[in-house]
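To start, I am sharing the structure in question, which I have written as structure tokens.
As written, the chains take the letters A, B, C and D, and residue 1 is the first residue of each chain.
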Amino acid sequence: MTEFLPLKDAIAKHVADGDCLALEGFTHLIPFAAGHELIRQGRKDLHLARMTPDLVYDQLIGVGAARKLTFSWGGNPGVGSLHRLRDAVENGWPCALEIDEHSHAAMAVGYRAGAARLPFGMLRGYIGTDLPARNPRIRHVTCPYTGENIATVPAVNPDVTILHAQRADRHGNVAIDGIVGAAREAALAAAKLLVTVEQIVDELPPAMNNIVLPAFTVTAVSQVPGGAWPSYAHGHYARDNDFYLRWDAIARDRGGFTAWIDRHVRATRDHRGFLASLREAA
Amino acid sequence: MTEFLPLKDAIAKHVADGDCLALEGFTHLIPFAAGHELIRQGRKDLHLARMTPDLVYDQLIGVGAARKLTFSWGGNPGVGSLHRLRDAVENGWPCALEIDEHSHAAMAVGYRAGAARLPFGMLRGYIGTDLPARNPRIRHVTCPYTGENIATVPAVNPDVTILHAQRADRHGNVAIDGIVGAAREAALAAAKLLVTVEQIVDELPPAMNNIVLPAFTVTAVSQVPGGAWPSYAHGHYARDNDFYLRWDAIARDRGGFTAWIDRHVRATRDHRGFLASLREAA
Amino acid sequence: MSEYTRDEMMTVAAARLLRDGQVCFVGIGLPSAACNLARLTHAPELVLIYESGTIGTRPTVLPLSIGDGELAETATCVIPLPDIFSDYLQAGRIDIGFLGAAQIDRFGNLNSTVIGSYDKPKTRLPGAGGATEIAAHARQVFVVMKASPRSFVKKIDFQTSGGHFPGRPQSGARGAGPAVLVTDVGILKPHGESGEFTLSAVYPGIPADEARAAIGWPLAVLPELDTCAPPTAAELEVLRALEARTAAAHREPVRLPL
Amino acid sequence: MSEYTRDEMMTVAAARLLRDGQVCFVGIGLPSAACNLARLTHAPELVLIYESGTIGTRPTVLPLSIGDGELAETATCVIPLPDIFSDYLQAGRIDIGFLGAAQIDRFGNLNSTVIGSYDKPKTRLPGAGGATEIAAHARQVFVVMKASPRSFVKKIDFQTSGGHFPGRPQSGARGAGPAVLVTDVGILKPHGESGEFTLSAVYPGIPADEARAAIGWPLAVLPELDTCAPPTAAELEVLRALEARTAAAHREPVRLPL
């Protein structure tokens, strides 16, 4: 049965130091509130998987919570670099970060293999690139019919996947509307699935063929309005593009970054407090 | 650009003798009108692929249009046998039929591999069964990470996939609502995609994450109201369970079958005529 | 207590085996009736998945086919069939899979492919469908079949789906295999190292000898044989109402879409 | 004819390369502006696919990110990202893929991974994203980059995506590779056996020497050099209106969801 828990309790109960975590959501529905709660609770030694690390992983990497990153594109979309990710890779600050680097297509089949509990995924990919020479996890199989050489990646099976969604019903069924990225695959690939939602409703809007994660695939639901900010929740609030721009300045400097995290994440009790502290600062 | 053609012209132009065809639709949206048109035009030597051959392939097999069948469950759902399929396999009537037999899970990954233009699909499957000993197309690969033995099937890439759907818009975008089976995968696996639809509309109903086949994947659209009967089109008409029962008697006997096909399919001009001839006979 | 048929006893016996909240991969016919009876009685949160892609269906009438519109309309969601097999069944998310077949042997291996030889069959049956992978990957399999010496045989003509076959634990099958075989003459469970199906419970008024006569292999019988409780009035009322609703719905004439 | 910027010339030049009905895999920034300009002028049936899973989008303003809500709201459909890469890109359904990078060599090989060594990079760049497989599988690739000797180099530090690399025809790549390189100092096209990018057209008022100076390899220049027509008034009007709508939409303040 799906548990309904405050986010704080969901993270405390279900995420352990050393876990492999996937916080997914492609531009849309990035679970920032959950990322901040991981920082508040001081989780460490995490293996973070995510196609596009985005600001949420820049923050986790910047506080030294991550030992390893599996990813396929690590930038601030439309802005530039993730400075905390760069500082970790270029200078090992605040700690060394092991890099497991893929292409989007390969991450996608890795999640999909994980969801299907196959040990690997395959693609006609990694052609004309130096990546396989740098990542020993990229291998090949021979097609048993044509003899072709097909690239493979290991299945991605997070200990915990965390998503943000618009709605859950009272059974724990979770519905996602709009851009889904690899959220469905990452969700079904995980041993545990935590979801923060904008709303808990009696009945989900009718959506026969939409993206729904059935309750029995969902470990815990936490209602966290605004939980995807500064990314967005289709139908609820827009992406805060300004914040993405402002982040560039905040994260460029170690001290500035740490001060921001201390003030807005570590010194606040929860996501409501976090948002309130930003409003005060504005 | 998607062509808008009468069904007769779509079949005449796009389906050749000897083609590999997939008429998909799982219980729901089975393209019967297209199957009948194949019979009217006397297509032969076809390699028919379909998870559940159902009555539509019983008819094509019974008239001797098929040389090979790739399938995973060949019965009259809820009723019993497909007598024409049985007669072909057991007695070679009206002609021999090569059997390429799989499980549902394997057919599904075969279509999915086809849609992705991978040469094969894989599954943890065919365990504890005699099927691999009887079908040399069922093979295995070794996982390059774990050393596990994973079953494989060749990609299914039909020359032509034919679907029935509720709606197309005037650009040729096709929307399917309700049970979809492997229709999406079979559609995208094919070199050509023909779709019969109940309605052609100015704009598809809003359905952000629903099953939509974009126009540039659709070769031709033909408006054929009732084109899925005796299966059903969600929101348009129900499954004619009575006819599925009656088919058992019609198809049990070679002469009775041929007389039915002659009267209702071969002697009628199109699907409207077919349905009218059944109403007269009732 | 009212009179009841053997089919009703079978359906009720199968329904009682289900626990609330379990995720069931359901086939048409008796499994569908048993699952919906359980859902309407002691297991309201039972999750029913039909291979057509409907998850969490709560039909008010029983479907006649695996892809009835009723299943889609009452579902939590309708997903592509390939996902059902890869992300739910193969992924190990199915608690209970239901199977039947034309033939079964004492280890629960099933044949739904051919009678006779594969290349020149006496009777060509529908084939595997979802059965092969349900047998492998559902956590437990419940087999539901009416017993007869023709179908409960010493040796099946073709192994479509594996039961407690030799080497199962090393085979890559995720599931534990057939946990119970519900028949119209009693309930069999696997016993001992080999997992041989053994009579473990009889129904009221049906002696073990009747089971022995209906089963084509020398039937082992547990020394401490249970007797199933007959269907309760409440169970029968719910089951009969479900079947009456189903019959009424399916009596409604379907007009040609002309 | 009005004044125009070099960015406008680049965008217009890229837009003109697109034919109506083509299926384009679009990135953010200049490719997105070029594709939408083409769609709003000579190619109304251009199909725009963004890797976030939106197919057939017709945004009224340009997206700031690859997954803006505007892209979903105006799409024919929104599908899971894995399907975009397997069933559309890998399947060979993309006519034109757009790419840019931090570094490019004369054969159109691209680097968006690191400056310096991979293990101890001087600058860690975002990485491959969709680029590696776009470079391999789109029927044609259009590269759009502002020219500078730092980015148009003799040797790239890391090959993220393949251009006309040796062995490409036997590599399993479906696509023909980079067909054109649109820069702010002219248009380059692959030439000869090796596919070396060669200046094939200049813009009005920008001589070939300026291109030579901006490009870090010894630039080959076609003897019969075209001169692009300057942006038409109509093109500029549509592009500027699009950018004005975009700026206005993105000026609307976003409130904290509190």
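One rule holds in what follows: a contact is a pair of C-beta atoms (placed from the backbone, for glycine too) under 8 Å apart; a residue touches a chain by one contact, two chains touch by 3 or more.
In this text the structure is predicted, and so the values were computed from the model without any measurement.
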Chain-contact steps, minimal, separating chain B from chain A: 1
B-C or A-C, whichever has more C-beta pairs in contact: B-C
Centroid spacing, where centroids are CA-atom means, of chain A and chain D in whole angstrom: 28
Rounded Å distance, chain B centre to chain D centre (Cα mean): 40
Chain A, residues touching no fewer than two other chains: 116-118, 123-124, 148, 178, 180, 207-211
Chain C residues counted as touching two or more neighbouring chains: 72, 78, 86, 90, 174
Chain-chain contacts as defined at top: A-B, A-C, A-D, B-C, B-D
Touching residues (chain side chain C, partner chain A) in the complex: 21, 23, 45, 47, 55-56, 72-73, 75-79, 86-87, 90-93, 174
Complex contact set, residues of chain B against chain D: 1, 115-118, 171, 173, 188, 204, 207-210, 212, 214-217
Residues on chain D engaged by chain A in the complex (per definition of touch): 28-29, 51-54, 64-69, 71-72, 78, 80-82, 85-86, 89-90, 109, 113, 118, 120-133, 135-137, 158-163, 165, 168, 171-174, 250, 253-258
Complex contacts: residues of chain B adjacent to chain A: 116-120, 122-124, 137, 139-146, 148, 150, 152, 154, 176-178, 180, 207-211
Contacting residues of chain B [partner chain C, same complex]: 26-28, 51-52, 71-75, 77-78, 81-82, 85-86, 89-90, 101-105, 108-109, 111-112, 123-131, 134, 148-149, 178-182, 184-185, 211, 225-226, 229, 232-234, 236-242, 244, 272, 275-276, 278-279
